[in-house]
Amino acid sequence: MIFMEVSSAAANTTVANYLPIVIQFIFAAGFVGTTMVATHLLGPKLQTKKKLQAFESGIKSVGNARQPFAVKYFLTAILFVLFDVEVIFLYPWAVNFMELGWQGVITMGLFMGLLLAGFVYIVKSGALDWE
Amino acid sequence: MTAVAWLIPLLPLLGFIINGLGFPKLNKKVAAIIGCGSVLASFAIVCSLFLQSLQTPLNHRIDLYTWIAAGNYTVSFALLIDNLSVIMMMIVTGVGFLIHVYSIGYMKEDEGFGKFFAYLNLFIFFMLLLVMGASFVIMFIGWEGVGLCSYLLIGFWWKNREYSAAANKAFIMNRIGDLGFILAIFMMFAVFGSSDFDKVFPAASAFTTNDSIIIAITLLLFVGAIGKSAQLPLFTWLPDAMAGPTPVSALIHAATMVTAGVYMVARSNILYSIAPVTLAVITVLGTITALFAALIALTQNDIKKVLAYSTVSQLGFMFVALGTSSFDAGIFHVMTHAFFKALLFLGAGSVIHAMSGEQNIRHMGGLKKALPITSFTFLIGTLAISGIPPFAGFFSKDAILTASYFNSTIIFLLLILTSVLTAAYMFRLYFMVFWGDFRGTHHQEEHLHESPQSITIPLIVLALFAAIGGFFGLPEIFGNHNWIHHYLSPVFSQNTRIMAHADSVMIEWLLVAFSLVVIVPVMWLAYQRYALKTVKVTLSEEQLPFWYKLSLHKFYVDELYDYGIVKPLSALAGLFSVAVEKKMIDGTVNGLGSITLFLSSQLRKIQTGNTGFYVFAMVAGMVLMLLFALAKLNVF
Amino acid sequence: MIPQIFQTVPIEHFVYLSAVLFVIGVVGVLTRSNAIIIFMSVELMLNAVNLLLVSFSSYHQDPAGQIFVFFIMAVAAAEVAVGLAIITMIYRNTHSVDINDMSRLKG
Amino acid sequence: MMVLIILTAAGILAMFASVFNGRSVVLPVSLSGLFAAGYFALLEWNTNTTYFEAMRMDNFAIAFTVVCLFAAFVFLLLYHYMHYSSDVHYAEVISIILFSLAGVVVMVSFTSMLMLFLGIEILSLSLYILAGLKKKDLLSNEASLKYLLMGAFATGFLLFGIAMLYGATGSFMLSDIAYYLGLHKAVAEPFIVTGIIMLMIGLLFKVAAAPFHFWTPDVYQGAPTLVTGYMATVGKVAAFAALVRVFQLGFSPALETYQFLFAAVAVTTMFIGNITALYQKSVKRMLAYSSISHAGYMLIALMAANEVTNGAVLFYSIAYTLASLLAFAVVAILQQKSGSDEVSVFNGLSKSSPLMSITFAVAMLSLAGIPPTAGFFAKFYVFSAAISDGWVWITVLAIINSFISVYYYFAPVIASYMKKGNEEGIVLATPVKVLLAIIALLTLLIGLLPGSLSYLI
């Protein structure tokens, strides 16, 4: 077993070693908790019947609030995800910016150029036109 | 001439290409010239090879190019020209050419004329490949190719009919045979590292007699032969194949393709001589097939069906010859059989042609006046197949009977019985068709006519050979040395098991005597029953006196014949054809087909269309694979 | 670049965690019938692999594992884009994203 | 590398052509891209050029690249002649095909697991989209969704396998993995075994081997016919090349841990494919099952894992690709004309289009493995690869299977020659005719001269 040595080494690990994970958990839970509590406390509370309706201004709400989104939202969201994720390739480049030098710049330029080409295609084919 | 031997298969292939591409634009005359001319040209080359082989035995290998190179195995596209392949080539191109000529007349009204010749040429090409191939792989190519052509040609007239169970049966049976053949080839690759004759046979000689590997290979090869040469239990496709045009029946299902199994066994005689067990199997199976098919032929009413069963029976004879190690007798019978059976089929075609497509012999009768040439040549064919000296069939059958006599008395007696039956059903056929009164419709009678020259000339030529072909293998007693035995001896000479039984003079005389003593009375009985008596007994008053003129004594013999021979044999034949052929063999074959289809209908239900199930199957598969792999490593 | 302290956590623990996550993903694919949720389960499987890769990367002191993770993320994003587009297309035609309704092709 | 650049550039050009109203330049651009890519691939013959320790253009890679480029070339032409005026997404389809080819090139030339993953995904994502081309067609939708969900699921397994192997060996490089396996051969490591099997499953899914084949019939039937043809040829051949490559370059020292699994999968695949195909009315679906069974035959060569394997797989791929190209082309043309893909549309084809019926017959003969077509020798190679290592039982089963298959391959051929149908002539564009004739001739030629190809790799 390749992990044998590690397993034996694991004998002298302590709970303290898990501290970063514990801290991360605390942060994650704490952030969610804090935000929820904070909005609850900070928001002004005027709970009249009309206030609880989905729309005010005298227009009665009709049907289910869970209407399908317009596909346009969807398309934009999908495109956002695509371009957003590509950013992760910038991260290792940024970290090693100096070592990679000009070659890195050129490579990333090419990468961004290809992304940009995709973007141009999207704009040209009208995927971002709202109407 | 061996330098241009590669042209022999190439010419028919060219004919196929030209006719195939030209159809339907090419006019019929040109198509016929190309179709027949290419085969004739091949035949000419073969003839020159034959003449050469008469001086010095040929054993020439032509390596055209390396065909397959897979790892350690190479198969070169090589042709083998030796005396055995030359004699087979003679049969294929010679008889093939005559049948091509015959087809010009037979198919002239057909709109698929050019296509028909293209298929025929393609068939000749593959058949030549089969007999000329210098390795089992090449032979297999030809083997599959002729099967394919047979399939195409049987279906030639099936345009509007539903694709029937009969065709499937033919298909499955041939598949089973091919399976045996190809498995044998792969076994040869595994054992000898090659499938070339000149590597396999010397290597096989090193094995001891009855070595299990050799037995397995020979048995598998024989399974291939069973399928192709319509032996028990895979023979029922052959009568069904009669649906094709008659020249096809003559060429493929009588003269050439069905004898491929015989050729293959003869070619691998060295392998078989090491496996006496297989030879015994072949002998027994051949005998049973011969007897069995002859019994069935006795009661058939379709002219082509009778001939088809007769072919099966004669093929049985050939296998007995092989099984008793008289390979030359087997090939000799292949040759004479090609002559007389092609003749009979072509004659039948001529009759069918004259009868406007009628095939039921009960509706024929008295055709000898209208079709004199056909009738005469058919008679020669009948005499030849019945084994009447001096016609061809006598000598070849005689050689087989002699060989079987030295092998086993029971086999010998059964074959004698089969010979008698052969004479009985053939003369029944002959007399029913050509003698007696015409029993067809008035319309048919008006249109009775002798066939055109392109049909009668091949008949005459074949009749000539059917009459004299036997002298190629004159037995010792007639003073002449057995030509075919000596001609083929280079091929079979390495074979140590072939017994020299020159001291069989007594047997030879016995057989001649037997032919005259037994077969001639059978002929006479058949004449009584089928030529003189009205077959479909429509007793009208005018005819009765004629019958009474025949003596009471004769009537008695007739009764005896009826109750003593015909009735029991008919019953036996009925039993065989219903219980064994239909129920057992066809049942099994169709059963195999329907089981597979049933499996198919069940298996497709797994494909539910539900993605959830698909994913589940994937996961289940993964778990199984992991479990097996980890269990194999003893992880658990 | 990788905090030393993580390397003292036994690698098995990471393997177990990601195996569990992976199996949760598999079970999600197996049991749910909503195409989007199945898709999310697949993403969960991919992220389990990501976790496994980074922990091995840390264990082997080899950045290749992390590079691989980047590629998985990028490809997963592309897959999501294509997948959601297909699901949208189907929703427009059938007003359902239930895969049990999707069995016109069978046999 | 040049090959990848050219294919990507051609794809981008084709993509832009659609938004800048340049439909007419799409075909010239894409075809010249294909030819240039083929040329540059062949330039590297016998050079074994390595790129970034991630790809190696060895002869294996080049041969498979060229086969896939040829298949793509055929489909581009067919697509052009059948859909130029009818499909609004004409240019996009072609650019997606070009992009997917970039994935194919990566898949057949990788030396690192990362590239294997990327190649597979580039190809698969393209195929997911292509399967759903007919946006309003519910069957096409369903095919696309099924393919996507199951494909993504299979990718999960593939990645998990890669991760396990990385954990055990510390590298993504095939050569490193092979080195490690060679060193620790005796050690039964669950990590390695699990890794190999998970990865195997991911790839077996792509080649449609049982029991990971369930997507195939549904997707093949639902997808537009030309796309199905593309999947069945390029998609399958590339996936198979990847499978061979990863097991040969990476895992060969651990042969005994997976060999019997391949044997079992191969046998199951052949039987399921062939037997289920018997009952199909739709020719497309029949061809889908047939393609499953062919994966089974090819797996036999892979399982044998000897010096014949590469040649056998390449030869089989070529024979299978040529025959499938013909078959799908004919089915696509008939389907466009009559709107159905049932066997009955073949009725009377020999009258209405002799060329199509004869080429289709050649294709079926080749797929059924009847001499002297390429398919016979393909099977011959594969079986001799198995038999030379003593795998007699599997050869017997494979031969039985190939005989079963003849039955269903003949059904449409019989329909086209022996049944009466619509005899109105079918008009084909001349390039399509020439293409069909050339592929059929190639099939026969390779059958007659198989030796010339077998020395390639």
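Brief remarks on what is shown
Order as written gives the chain letters A, B, C and D; numbering starts at 1 within each chain.
The rule is short, and it goes like this: a residue touches a chain if its C-beta (ideal position, glycine included) is under 8 Å from a C-beta of that chain, and two chains touch if they have at least 3 such contacts.
Quick caveat, the model's predicted, so the values are computed rather than measured.
Overall, the chain located most centrally, as judged by its C-alpha mean against the mean of all protein C-alpha atoms, is D.
Chains B-D form the pair joined by the most contacting C-beta pairs. Between chain B and chain D the centroid-to-centroid distance comes to 43 Å (mean Cα coordinates, whole Å). Each chain gets a centre from the mean of its Cα atoms; for chain A and chain C, those two points are 16 Å apart. Measuring from the averaged C-alpha position of chain B to that of chain C gives a distance of 65 Å. In whole angstrom, the spacing between the mean C-alpha positions of chain A and chain B is 79.
Among the residues of chain A, none is in touch with two or more other chains. Chain C has residues 11, 26, 29, 59, 67, 78, 99, 102-107 in contact with two or more other chains. Counting partner chains per residue, chain B has residues 604, 607, 609, 611, 615 touching two or more of them. Applying the touch definition to all chain combinations yields A-C, A-D, B-C, B-D, C-D.
On the side of chain B, the complex with chain D involves touching residues 65-73, 137, 140-141, 144-145, 148, 152, 155, 158-160, 163, 168, 171, 175, 178-179, 182-183, 186-187, 189-190, 596-597, 599-601, 603-604, 606-607, 609, 611, 613-615, 617-618, 620-622, 625-626, 628-630, 632-635. Put simply, chain C touches chain B in their complex at residues 26, 29-30, 33, 99-100, 102-107. Across the complex, chain D is touched by residues 1-2, 114, 117, 120-121, 124-125 of chain A. The touching residues of chain D, when paired with chain A in their complex, are 12, 15-16, 18-20, 167-168, 189, 191.
Those residues of chain B lying in contact with chain C across their complex are 604-605, 607-612, 615-616, 619.
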